[in-house]
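Multiple structures are listed underneath, in C-alpha cells.
Paired with subunit B in one complex and with subunit C in the other, subunit A is shared by the two complexes that follow.
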Partner chain A sequence: MALTADVTGKNAKAAAPRRRPRTRVLSVGDKLFLAVLIGVPLLALLAFVWLPALASVGISFTQWDGIGLSSIHWVGLQNYKNIFTNYPPFWPAVEHNIIWMVFTALVPTPAGIFLAYQLDRKIRFSRVYQMAIFLPVVLSTAVVGFIWEIVYDPDHGLLNNALGTNNPSGKHYIDWLGDPHLNLWAVLVASAWRHTGYVMILYLAGLKSVDPSLREAAAIDGANGRQTFLRVIVPAMKPINVTIIVVTVMESLRAFDMVYVLSGNNGSKQGLELLSLLITNNTVGESPRPGYGSALATVLLVVSLAAIVTFLVQNFRKERQA
Partner chain B sequence: MTTTTATDLPKAAASAGRPPARSRKPRGLGRHVFLALVSVGWLIPLAWALFTSLRSYSDTAEHGYLSWPHGLSFDNFSTAFDQSGMPHFFWNSLLITVPAVLLTLLFASAVAFFVSRFDFRFNIALLMLFTAGNLLPAQVIITPLYKLYLQLPLPSFLSGSGYFYDSAFGVITIHVAYQCGFCVFVLSNYMRTIPREISEAALVDGAPVWRQYFQIILPLCRPAFAALATLESIWIYNDFFWSLILMETGDKRPVTSALAGLSGEYFTNPNLIAAGALLTCIPTLAIYLILQRHFVGGLTIGASKT
Partner chain C sequence: MSRGPITDRRTLLRGAIGGAGLLLASPALAACGKSSASASTGSGGGGSQVTFGSDGSDPTPRKAYGALTSAYTAASGMQVRTNTLDHNTFAQQITAYLQGTPEDVVTWFAGYRMQFFAQKNLLHPIDDVWSQIGGGFSDAAKKLSLGLDGKAYFVPLYNYPWGVFYRKSVFAAKGYQPAADWDSFVALCGQMKKDGLSPLAAGFGGGDSWTNLGTFDYLNLRINGYDFHMQLMGGKVAWSDPRLNAVMDHWRQLSPYLEAGASGRKWQDAAQSVFDKKSGMTVTGLFMGQAITDETLRDDMDFFAFPAIDPTHGQDAVEAPTDGFVLSAKAKHVDAGKKMLEWIGTSAAETVYANVDPSNVGASTKADTSKYNALQQKSAQMIASAKYITQFGDRDSDPGFISAVVEPGFAQWLASPDDGTSTLKKIESQRSQYFTS
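And then the complex of A and B:
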C-alpha cells in the first residue's frame, strides 16, 4: 500500500511541472552556444554544397569562358538546346546512365538480397562468406578500377589469357575496355562486384532486425519458404527496401571513379560516356565549358532530387506525425 | 522445431532413419557449395592482382601472365613503395583523413544534438537539408565549387597556394561539409534513443546547454562515434574525386588519387600497378578487419534505425 501511494505521488509530481521543461527560458549563454552549434555546420553546408548546387542551375543559363566574372553572358536555354541537339556525347551518356541503373537494379541488387537471405540462417562459415563478398565494398572505387584493369587488360589480363583471346593479331582478340560495344558491360561487371556486397550487408542487417516471431507465425500457418519471404519478410523490411532503392539509384547517378580509371584516366572513351564524366570534362577538361557542364549538372540534379525527395518523404513522414 | 528433430533423431537413426538424414544433409551441403563457390569467385580479381604483383616482370614477360610462377617475391611492392614516393602520399592521406573525420563527427554531433534534443520549429527541415546534401552526386556541385575554390583565399599557413584550391584544407572542408549529412542522419537517430529525462534532469538542475552536450550526450554516443569514425575514415581515405579535381599539384594528393598519376608515370607494367593498388588497399583493409563490427554497424544503423 505504502509503495503504491509513493509511486503515484511521484508520478503526480513529475507530471505537472516537468512535462515541458524546454519552456524554461534558455539563458543567453545557452542560446549563443546553440547558435554556434547549428550555425557553423550549417554555414559550411550552405556555402560548399547548396550554394554550388544552386549556382550550377544559375550558370547553366549563361555562357562563360570560366575566367573572370565579367565574361558571363545570359543566354537563356541555349546551353540546354545545344546539349540536347548539338552535343554528341549527351544522349549516349543518358543511355549509359539508364543502362547502369537498370542493370544495377536487376542484377547485383537482387543477387545481394538473395545472398543475404542465404546467409541469414545459422550456418557455419557464414562470417567467412560474408567477409569475402563484402570485401570489395571496403575498397575505393578507384582501386576497384585498377584491380579490374589488370583483369581486363587485353594482352596481360586474366580474362583474355584464360579465354585464349590475347593475341593482338589473332582473330578473336577482345579489347574489353576499348570496344565501345563491350566496355560498358565490362565496367558494369566490376561495379556489380562491389554493389552486391553492399546490398547484401544492408539487407542482412534488415533481416536480422525482423521479429523472429513473425517467421514462426508464418511457419505455423503452413507458409513455405518462398511465401514467407514474399508475404512476411519483404513487407516487414520496408525501411531497408527504401534505403536499398535509394542506394541503387544514387550509386548509378554518381558512378565516376571506376569509369574514370577504366577509361584510361581521362574520362572520355567511346562507349563509356556518363553524365558525371561529361560534367567533369566541361569543368576541368581540355576545353572547359562551364555553361555546358552546369546544364548537364542541372539535369543530374533534377533526376537526383526526384530520388532524394522520395527518400526523405518516406523517411520523415512518421516523424512529422509523431 | 528443433526439439522435435532432436528427440526424433535417435529413434530415426536406430530404425530406418536414413531418408531424413540424407534429405537434410545434401540441402545444407548444396548451400555451402554454392556459397563457397561464390566467395571464391568473389576473391578471384583480388587474388589475380596479388598473384600478378608477386611475380617479376621478366617472369611474366617470358612465360605470360597466366603461367606457373618462377619465384614469388615482394620486389614489386618495395619498388612501388620506394620509387614512386608512396610514403609521402600515405602521409598526405593521413593529413586529410584524420582532421576531416574528427571535424565531421564534431559538426555532425552538434547538429544532431540541436535537432534531436530540442523542439525548434525548423528541426525536421534542417535534418532534411543535411541528409539531402549528402545524397547529392558530387558532380552536381563541382563546376561552381571548382570556381569558388579558385577564388576563395586562405592564409598562407593553411594553404601553400593561398587559395582553397590545391590545398589540403580545401579538400578537408568539402569532405566535412559533404559527409556531415550522413553522420547527422545517423547520430540524430541515435540521440533520439537517449531518454529525454536525462537532459531534462540536467535542465532542471540548472546545467547549461553546453554541459549537457559535452558531458552528457557526447559520452553516451560513444558507440555511434566508433561506428561512424570507422566508416568515415574508410570513405574519406578512399575518396578519389575531390582531391583529383580540387588539387592540381600531384605531390599534394592523397594516395588514392595519386594512384591515377602514378600508374602512367612510375607503374609502367601491370605487375607494378597491381602492387601499387594493393598497397593503397592496406590501410582500409586493416581498419576493416580490425574494426569490422563498427564498420558494418555504422553502415546499417543509418539504414535500419529509421
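And then the complex of A and C:
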C-alpha cells in the first residue's frame, strides 16, 4: 500500500511541472455564468446537506426534549457512552446492518449480474423478462414493504396459506415477521427481490455499451464464454462495477423504509433492529430525544463515510496507477 | 457512459455523502407524515371557522368524529375544518405538530403526557371552558383534565375499560365461566387449550407492542396495587424492584396460552381471532368493538374484569384510558376553539359520538346512557365502581421511555419468557436517561 502511494505521489509530482499555466480571458458574462453554475448547487449542498449534518453532529452532544431551544443542554459524550454501553438494540442493529450488506453483496447483486448477462444474449422475450424483473424497482421500497407484508401475514398471508402453516394452534406455524430468528431473512428476501432488478438493469446497460469488437477479438483468440466474461467483459465494465458496489453498500446502510413498514412504526422489533430505525425511533416519537438520535445518526454517518471513502480512495489510486 | 470514469466517481461520492447526510435530517421524516394527512371535510368559511386535528384514522372513529363536527356545525353555524392523521403517526409526531402549525382543537389523551405538554406551554389553558362545563363531570374526570399547575387543559370525551373479552356463545357452548381469581383464570386457559382453542388471542406486531402493557399494568395493579404502579410509571421506583418479579412470574404462567405468532400480528387480527372463535379470550380494551364489521357479533361479545391476584388489592383498579381534546397554544382561532370545547363538554356531543362508535363510554356524568348497548353499560358500571382509574402504561408514564425501552423489552421477553430479571435490569439501566429532572 505504502509503495503504491509513493509511486502515485511521484507521478503526481512529475506531472505537475509539465502543465503550463494557461491564461484565460473570461468575460464578465462568463464569470457570472460560472459563478451561478457553481454557486447555486454549492449553496444548496451546504444548506440542505452539510448544515443539517453538522447541526446534527452538534446536537449529538446535547440532551434535548425537542421543545424550544432553551431546554438544550450540553452533556458531552454522554449520549455516545450510553449508545455503546447501555442501549440493548444498538449492537444487534450494527450486526443486522452488516448482515444486510453481506447478504446483498452475495445474493441479489450476483443474481442481478447473472440475469443481465443472460438477457444480454438476445434470447427470446428478452424485453418481457427485463420488464418483469425490473418492475419491483419502479415501486418505492415502502410499497415493496406493503406487498411483502401481505405475503408474510401469518394468518391471511399468501405464503402461510400456500404452505398450510397458517393455523396458530397447529404444529407448524410460521410467524415470518415476528420470529426474531426469521424476520431479518424474510425482509432480506423482499429487499433482494427489488435489488436484483436494480443491479440487473444497471449491468445490462453496461453490457450493451461494451464494444462488440472486444467479444469478437476474444472469440478469435479462442476464449470460451466464461473466460470472455470474466477476463474481457468485467474489466471493460469497471465504471459499472464501481457503481454497483457503491450502490450495494449505500442501500445496505440506509435500509429503512421497507423494515419500517414491515416491523410497524415503532420500529425496534427484535430481530429487525437497524441503525436507521433506531435513529428514527429516538428523533420522532411522542417524547423524542433529538440529542440521542443525532448521536446515533453521527455514528451511522461516520460508518458510511468510512466505507465509501475507503473504497473510492483505493479505486482512485488504482486508476492513477494504471 | 461516455463520460470519463473519474467524473463518474466524483458524482457518486457526492451522492454517497449526500445520502448519508440526508439520513441525519430526520425532522424531514416528521414532515413527510404530515403532508400525507387526508383532505379536510367542509371548506372553511372565512372568520367563522375552527380547525380540528384528529387522530381518528380508523374507519369507525373517523366516522364518529365526522358526525361530531357536523353536529357542531349544525348547532353553532361554525365551519369545522378537519385534518385527520394516522393514529400512531399522530402520537409519534405530536411534539413537532404542537410546535408547528397545529389545528386549534386537537384530539389527545389525559394523563402524564398532557401534563407535560401543558408544562411546556404547548397547550392553551381552558379554565373558562371548565367553569361552563364542570358540572357535568365527576371529580375524577376533572382531576384528569388538570395540568401540574392546577389549570385545566383538557376536555374528556369518553373513556373505555380494559378487561378480558370473549364471545358469550363460545363460553356457553363449552361451559366456561368468567374467572374472578388467578387460579381459575389459569385453569380456564388450560381447559381452552385442551379444547383446541388458542386461549388468549394476542397481536403485538406492526406498531402494536403497546397492547402488551394492558396485561402488564393489570398484573402489577393486582399484585402490587395502584400506588406502586403509579410510582413505577412516574419513574420514581426502580424497575429492578423485587416486587416486579412476581409480576413477571405471573405473566410467564400466561405465556404458554398466548396465541402463537403474536409478534407478527396486529391487534385487529387478534380481535378477529376471537370473533372467529379460534381464540377463547383476549386482554384488551372496549375499543376492540371497532374491529367488528358484523353488527350481530356485538351482542355476542362480553368481558370480565382482569382476575384478582392479591386479595388486598382485589379488582379495585380499572385501566380506563380517557380520550378527549386540548386547545393548542398556537391555535389561530382561540375563542372559536373554546366555544367548540364548551359544546364538546356537554353530553350532547358525547351522544353524537357514541351513536357512531359504541366502543366507548361517555365521560360526562350527564351522558345519555339509554342507548348504551350491554357492553357499554357494563363498562360504565365497571368504571364508576372502581376505586382507582389508571390511564394505561404509555399514558401514565414517559411515552418515549415506554415505547423505546419497555415495549421492546417486553416484546423480546415474550419471545422466550424467563424469570424476567434480565429484562427488568435492562429496562432499569435506561430509566435514568428519561426521568432526569
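The working rule: the second predicted complex is superposed on the first by the 258 of 322 C-alpha atoms of A that agree within 3 Å, B and C clash if a C-alpha of one lies under 4 Å from a C-alpha of the other, contacts with A are read in each partner's own complex, and residues count from 1 in each chain.
Convention: a residue touches a chain if its C-beta (ideal position, glycine included) is under 8 Å from a C-beta of that chain, and two chains touch if they have at least 3 such contacts.
Quick caveat: nothing in here was measured; it's all calculated off a predicted structure.
**Q** Contacts for A:Ser287 in the overlay, against subunit B (first) and subunit C (second): which applies, first, second, both or neither?
**A** Second partner only, subunit C.
**Q** Considering only the touch criterion stated at the top, classify A:Ala297 as touching first (subunit B), second (subunit C), both, or neither.
**A** After superposing on A, A:Ala297 lies in contact with both subunit B and subunit C.
**Q** With both structures fitted on chain A, tell me whether subunit B or subunit C touches more of subunit A's residues.
**A** The larger set of subunit A residues in touch belongs to B.
**Q** Looking at A:Val246, would you say it contacts subunit B, subunit C, both, or neither? Reply first, second, both or neither.
**A** both
**Q** Looking at A:Thr228, would you say it contacts subunit B, subunit C, both, or neither? Reply first, second, both or neither.
**A** In the superposed model, A:Thr228 contacts neither subunit B nor subunit C.
**Q** In the overlaid three-chain picture, which partner chain does A:Gln270 touch, first (subunit B) or second (subunit C), both, or neither?
**A** In the superposed model, A:Gln270 contacts subunit C only, not subunit B.
**Q** Considering only the touch criterion stated at the top, classify A:Val40 as touching first (subunit B), second (subunit C), both, or neither.
**A** first
**Q** For A:Leu202, select first, second, both or neither according to whether it touches subunit B, subunit C, the two together, or no partner.
**A** The first partner, subunit B, only.
**Q** Counting only touches as set out at the top, which of subunit B and subunit C does A:Asn315 meet: first, second, both, neither?
**A** In the superposition, A:Asn315 touches subunit B and subunit C alike.
**Q** Can you list the residues of subunit A that touch subunit B in one structure and subunit C in the other?
**A** 45, 48-50, 52-53, 56, 66, 153, 156, 205-206, 209, 239-240, 243, 246, 250, 253-254, 256, 265, 276, 279-280, 282-284, 293-294, 297, 300-301, 304-305, 308-309, 312, 315-316, 319
**Q** Can you name the residues of subunit C that touch subunit A in the complex?
**A** That would be residues 1, 5-6, 8-9, 12-14, 16-27, 29-30, 88-89, 91-96, 99, 113, 116, 120, 122, 196-198, 205-210, 259-265, 269, 272-273, 278-279, 394, 398-401, 403-404, 407-409, 411-412, 415, 426, 429-430, 433-434, 436 of subunit C.
**Q** If you look only at subunit A, which of its residues touch subunit C in the complex?
**A** It comes out as residues 45, 48-50, 52-53, 56, 63, 65-68, 82, 86-89, 152-156, 168-169, 173, 175-180, 183, 205-206, 209, 238-240, 242-243, 246, 250, 253-254, 256, 263-266, 268-270, 276, 279-289, 292-294, 297-298, 300-301, 304-305, 308-309, 312, 315-316, 319.
**Q** Would you pull the subunit B residues touching subunit A in the complex into a rising list?
**A** Going by the criterion above, the answer is residues 1, 28, 31-32, 34-36, 38-40, 42-46, 48-49, 52, 60, 64-66, 107-108, 110-111, 113-114, 118-119, 124, 126-133, 135-148, 173-174, 176-178, 180-181, 184, 200, 203-204, 208-210, 213, 234, 237-241, 244-245, 256-257, 259-260, 263-264, 270, 273-274, 276-277, 280-281, 284-285, 288, 292, 295-296, 299-300, 303-304, 306.
**Q** What residues on subunit A touch subunit B, complex-wise?
**A** Going through subunit A, the ones touching subunit B are 18, 21-22, 24, 26-27, 29-30, 33-34, 37-38, 40-42, 44-45, 47-53, 55-56, 59, 66, 115, 118-119, 123-125, 128-129, 131-136, 138-143, 146-151, 153, 156-158, 161-162, 193, 197, 201-202, 205-206, 209, 219, 239-240, 243, 246, 250, 253-254, 256-257, 260-261, 265, 275-276, 279-280, 282-284, 290, 293-294, 297, 300-301, 304-305, 307-309, 311-312, 315-316, 319-320.
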